[in-house]
Amino acid sequence: MDFSFTPEQEKLKKEFEEFFITEMKKAPPTYETGGLEAMFGSDVGWEFHLYMARELGKKGWLAMAWPEKYGGKDASVIDQVIFSEVRGYYGGPGVDIFGIGIVAPTLLVAASEKQREKFLPPIAKGELMYCQGWSEPNAGSDLASLSTTAVKDEDDYIINGQKIWTSGAHRADWMFILVRTNLEEKRSKGLTYLLLDMKAPGITVRPIEAMDGLHMFNEVFFDDVRVPIANRIGEENKGWEVTRQSMNFERSSIGIFSENQKTIEDLVRFVKETKRDGKPLAENQVIRNKLAELAAETEVGRAMAYNIAWMQEKGGLFLAASAASAAKVFGTELAQRLVYVGADILGQYSQVKESKWAPFHGKFETNYQNCMGLNIAGGTSEIQRNLVAWIGLGLPR
Amino acid sequence: MNLDFNEDQEILRSSAKNFLEKECPKDLVREIEESKEGYSPEIWNKMIELGWTGIAFPEDYGGYGGDFMNLIVLMEEMGRNIIPSPFFSTVVLSGLTILEGGTEEQKKEYLEKIAVGEIIMSLALYEPNGSYNASGITVSATPKDDGYVINGTKMFVNDANIADYLLVVARTEDSDNPEEGVTIFLVEAKASGITCNKVPTMGLDNSCEVIFDNVSIPKANILGEAGKAWEVIQKSSEKAIMAKCAEMVGGAQASLDMTNAYAKERVQYKQPIGKFQVIQHYLADMMIKVGTSRNILYEVSWMVGQNIPCAMKVSAAKSWINEAYKFITERGVQIHGGIGTTRECDIGLYYRRAKTAELILGDTGHHLENIAQEIGL
Amino acid sequence: MDFSFTPEQEKLKKEFEEFFITEMKKAPPTYETGGLEAMFGSDVGWEFHLYMARELGKKGWLAMAWPEKYGGKDASVIDQVIFSEVRGYYGGPGVDIFGIGIVAPTLLVAASEKQREKFLPPIAKGELMYCQGWSEPNAGSDLASLSTTAVKDEDDYIINGQKIWTSGAHRADWMFILVRTNLEEKRSKGLTYLLLDMKAPGITVRPIEAMDGLHMFNEVFFDDVRVPIANRIGEENKGWEVTRQSMNFERSSIGIFSENQKTIEDLVRFVKETKRDGKPLAENQVIRNKLAELAAETEVGRAMAYNIAWMQEKGGLFLAASAASAAKVFGTELAQRLVYVGADILGQYSQVKESKWAPFHGKFETNYQNCMGLNIAGGTSEIQRNLVAWIGLGLPR
Amino acid sequence: MNLDFNEDQEILRSSAKNFLEKECPKDLVREIEESKEGYSPEIWNKMIELGWTGIAFPEDYGGYGGDFMNLIVLMEEMGRNIIPSPFFSTVVLSGLTILEGGTEEQKKEYLEKIAVGEIIMSLALYEPNGSYNASGITVSATPKDDGYVINGTKMFVNDANIADYLLVVARTEDSDNPEEGVTIFLVEAKASGITCNKVPTMGLDNSCEVIFDNVSIPKANILGEAGKAWEVIQKSSEKAIMAKCAEMVGGAQASLDMTNAYAKERVQYKQPIGKFQVIQHYLADMMIKVGTSRNILYEVSWMVGQNIPCAMKVSAAKSWINEAYKFITERGVQIHGGIGTTRECDIGLYYRRAKTAELILGDTGHHLENIAQEIGL
């Protein structure tokens, strides 16, 4: 047993740290809040994301784990996790969680050679941003009920229907989408996986305002949108299997924990500097205990994340699936608790939006409103617990 | 023991409910809260016409008798159907403070003006230091000529931007005991030397920073007696806390109701999500918290209304309801799923207000420490 | 609206208080721990219970709410709740929760006049103690799966089978039992409600040791046990309905809350008197907050209990049923939290059993082990939450 | 990075598992824990034969190399299958303290005796004041003639009743800094002036009160250097804490496994209770806590074994595993229902030990305060 990094990994970690320390000085203040809000919520935020994506692309850090022939470095999962850990700590954007996180791993497993050669390089270079066409108004957790259709017409599919909760659809270049190609087949059968250009005629993007007023989510409407058959990944009607195959993207949730760590450090500084009723907040035993608890949980989460990385590294995808569900629910609920504790500490100032009166640029005000989203997006905490019970414990469905 | 409301109160409740549902749909709430004024003068005028602004005061001061439980009923309904209005600032925070601490003349003058809807008022209590205690009062009122000069900054003053008058809680004397030497001044909100800026808040609730730069106030504008205001604040706060609690309980009930309805109607995996046992238990816990919140609300409000000493119970109610309302709205968002996290979904209105309400008149930590002291710790 | 007691009630309350203050001086020290353990767990404990039962019987306080003709006083539910509140605070025994709490209300609703005249007076006088023959090894929460049988033979039923979790079966005089009289009928149909003498031949009581070693629970085996048909309450095969009718016993759970209040007062004294690392525990803000929280919750519970009493007083049994489930789960989980906080406060001493080293006569050591029982017995917390969801919120079963 | 155990360790694990399952069924555990000696000399001898008592020490001192992770593997298995034995007191608490703080001679003498199973030892650390800190050390050792005289009472000394020697942590000098002036003495457990009484505890774990009444100890029996013992205690405690954590993780895993099995087998309402979503979520939460506990256990144990400074992580591990183990066993009892609350059901063994284990080497509150200090508060 050996928890240490190799000297190369130590070196890599330093490089990552130096990169983010330098580059994040250029970040607009909205990045203080972290998360997708900073990226999607404003033009400056998005531009900084694009800038960082291209810089990371140049470094080759976006596609680290890919085979060399697609522009990757055949790096280990551990290397990737180190990168994600550092990036999470500094709150750096530049990694398209859809393109890098989901599309690319899917293509690597399920696409034709030709498709890989076409679609992977722009992702690796940070030049093309994706969004995710999965949820529909009547299919949130239950993706098998999807009803957006695609009908073949010569060399194209023609798509009609609606997607929802599409983060960043108003900014993305491309979308990966699950559509129903066979109406006879039920549930998860009869679905097909396509890539489509967001500039295609017939696409309408309608913003959905988040609770705090920011614009991250969208509804996307499809009115006779044509997608070349050549953009289908895998076989027709096998879209469900295609999505299931792409589980070998990095699923450790490490970024949540390193981001937490940074937040805790900020709060420690805050409570030492801030007096209330004549005493530094840091002297309040309740605050000490709460921050200590969160710091402990963050250490625990970090250990968990590296363990998942190790399982993935060894190829234990089945066990890793349950562990990844566990990490997701543990991580997002921890992040939520941290926001709530931070809000308690800030007291009356926790309610203040980004302004001259707001500590941390209003981070806790906005995160107070969007932290629940983490427990919902990407599989609700309820679904994750079901999966842990079914996969991890073998309980009956 | 009789734990039912009387018939008049039931009528008040249902008429308030109907009025608010009709006059203040949630789309309008969203519109109002983003407006500069942060309230609808039109609806406010209708509330005045209905006599709501006089509900908390005795007939002698232009009110309608002032049974405290009537105010509780009304606040509960205003919480159930959110209505951005200066009611709490004017009638509860300011009105009850004047009723508690004002001279007979002041009560006659200002309460009647509030009751007939002639003025909007607010209480300028908190300061940038973020304290809920007397030691937090540092805005100074220094004797000069025949009056006082006020300097300093008040924070989180709701509706100061639309107020005609402010009750400004200031320090007129330094003392080892911070509860001594505190005085309340009746101040015209537009008086020279006052700057008011809206602070953007999660609750979008007209929260203001009010800066006093050498604001001269005549001695006559002292509310009641100089130097003795902290006791007044404490007593009127008990009533105001319970009124705020009523609003919160109304909001918690509405949150439970809308979430329960959604759970019955939203289908996933071929069944309403309300059939999943985990969702049922979430909702059961929410219901238990709404129920218990209402139980403690009514008991303690009744005691406060009867002037039975119950400081511990007031803090028990506020701390419990603070946490219950946050819990209920948070679970409400979770059960709603994606749509729950959006501005267009009503549950978010309540989620935001739950946090804002906690911060008014003492957050949970503050009230737990009060309780600790009251139980002898 | 009026939360005050009548002058008569205030007087009654004082009488209750004086009675328990005086009488509890005679209690053996095991009563410090409270609960059924003190009653059933030792001979001295049981004798004190019997003594108190007879004293309470003499006062007429056991049967307060019954009609006068059965020895009662036609008292209101509120009066009963006041009694239970005071009794809970002082930890007084003497009330047979089975006889007074369940059998008597059932008889009042479902028994024949003759049966009432026979069975009620000894209960009212505190002379006869009951135990409850409900759960079976394969029917815990799911009582409808009961399989203990009763077959008619001339004037008797002959019972065969087994009951379990029978608190105090080793001490009780009589048992009320649900048995299956019709094997064709399924689930809750075909059950019958009987009263039986625990001295009847063919009954074997086997103790079940509780986690902390105390003896409260038992298994009871029936081998051709004869029960006169005259002891059947209600019709044959209608036992389920009979049990369902008896919901109008006092269900406020008030006793939990007043017992809690006493425990909090004791802990407040303890933390003021006890120094650790040179500082009184009472100065630790974490301890202050936790005790304050529990005190608040106890006040909340008390308000809840009186509200249920009021609903019952008005006859709103249906709504009261959901509220009673809520009160049960709220009360027992609060009691558990209190035990855990108490144990945290006691630190290393929380593990010490009754002995010269044990604070509070080992109350927290033993309650640490039996507090979960409260969340299980009398309908688990899971069942109670189901009921709140189904009855209170109308959610689909 | 390589997060797998090596083959030797896997063999150690499975042989330990098999041995414990065979030799120490739960009925025997219940019998042993109620016995006066509180351990089975028979099984203890077999453990010695298996070489377990030498697992933590280098070969120079009669051990088998002492890779710390081997000890972790063994403790985890001893936690999974509860075995009342003096292993932790002797090998971990005492052995590791001697290894850390003893002179070369003392190490040679005592560690070898421990390794070959010749002696049972324990560490007499805590006192009636209930503190985990250096300030809690008030038992005095006063110089007299050529040695010291010890007076005072030690509490919660596990296995003192069966020990041959005690390591007694005493104060040899008063100082403003309570961490100075603390000395460890090697004391024969049956020395004149020592009274040992078993304290009846929830864990039925041979917890003793040890009273020292003018107990004379020669200077030579000072472990290492006089006055410098607190640092030794702190360093050896880190290892002992992780070993205890391993035992707890083993117990937590066993609690999850038996509860999961029960949920699959127990039928109510015509289905295994493990099909109810609420039970599934309870079990999922339990599994998450077991998994995370094991993750942090291995990481921090490895660091401690490598002598990498990680005081904060040690406290993070202990505080997390304290709470996780209590949570898991508590839910375990709840899922078992009635039977879970009885002495005959195995889950109760673990539930009781979860609380006892929390109290050894720092409860959650203690470790949270350590963390607070480590993160700069």
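The chains carry the letters A, B, C and D, assigned in the order they are written, with residues numbered from 1 in each.
Note that in this section a contact is a pair of C-beta atoms (placed from the backbone, for glycine too) under 8 Å apart; a residue touches a chain by one contact, two chains touch by 3 or more.
This is a predicted model, so every value here is computed, not measured.
Chemist: For the pairs A-C and A-B, output the one whose chains share more C-beta pairs in contact.
Modeler: Higher contact count goes to A-B.
Chemist: State the chain with the largest centre-to-centre distance from subunit D, centres being mean CA positions.
Modeler: Of all the other chains, the one whose centre lies farthest from subunit D is B.
Chemist: Return the distance between the CA-based centres of subunit A and subunit C, expressed in whole Å.
Modeler: 52
Chemist: Measure off the straight-line distance from the CA centroid of subunit C to the CA centroid of subunit D, and report it in whole Å.
Modeler: Taking the mean C-alpha position of each chain, the two centres sit 39 Å apart.
Chemist: I need the residues of subunit C touching at least two other chains; which ones are they?
Modeler: Touching at least two other chains: 285-286, 289, 382, 385.
Chemist: Scan subunit B for residues touching two or more other chains and write them down.
Modeler: Within subunit B, residues 276-279, 281, 365 contact more than one other chain.
Chemist: For subunit A, which residues count as touching subunit B in their complex?
Modeler: 135, 138-142, 145, 164-165, 208-213, 217, 275-278, 286, 343-344, 347-355, 357, 365, 368-370, 372-373, 375-377, 380-382, 385
Chemist: Which subunit C residues qualify as touching subunit A in the complex?
Modeler: That would be residues 284-286, 289 of subunit C.
Chemist: Going by the contact rule at the top, pick out the subunit A residues touching subunit D in the complex.
Modeler: Those in contact with subunit D are residues 1-6, 9, 78, 264-265, 268, 271-272, 282, 285, 288-289, 291-293, 295-297, 299-301, 303-304, 306-307, 310, 323, 326, 329-330, 382, 384-386, 388-390, 392-396.
Chemist: What residues on subunit D touch subunit A, complex-wise?
Modeler: Per the touch definition, subunit D meets subunit A at residues 1-6, 9, 69, 260, 263-264, 271-272, 274-275, 277, 280-281, 283-285, 287-288, 291-293, 295-296, 298-300, 302-303, 312-313, 315-317, 319-320, 365, 367-372, 375-377.
Chemist: Which residues, counting only subunit D, touch subunit C once they are in their complex?
Modeler: Touching subunit C: residues 126, 129-131, 133, 135-136, 155-156, 199-203, 207, 209, 267-269, 276, 278-279, 330, 333-334, 337-338, 340-344, 348, 351-352, 355-356, 359, 363-365 of subunit D.
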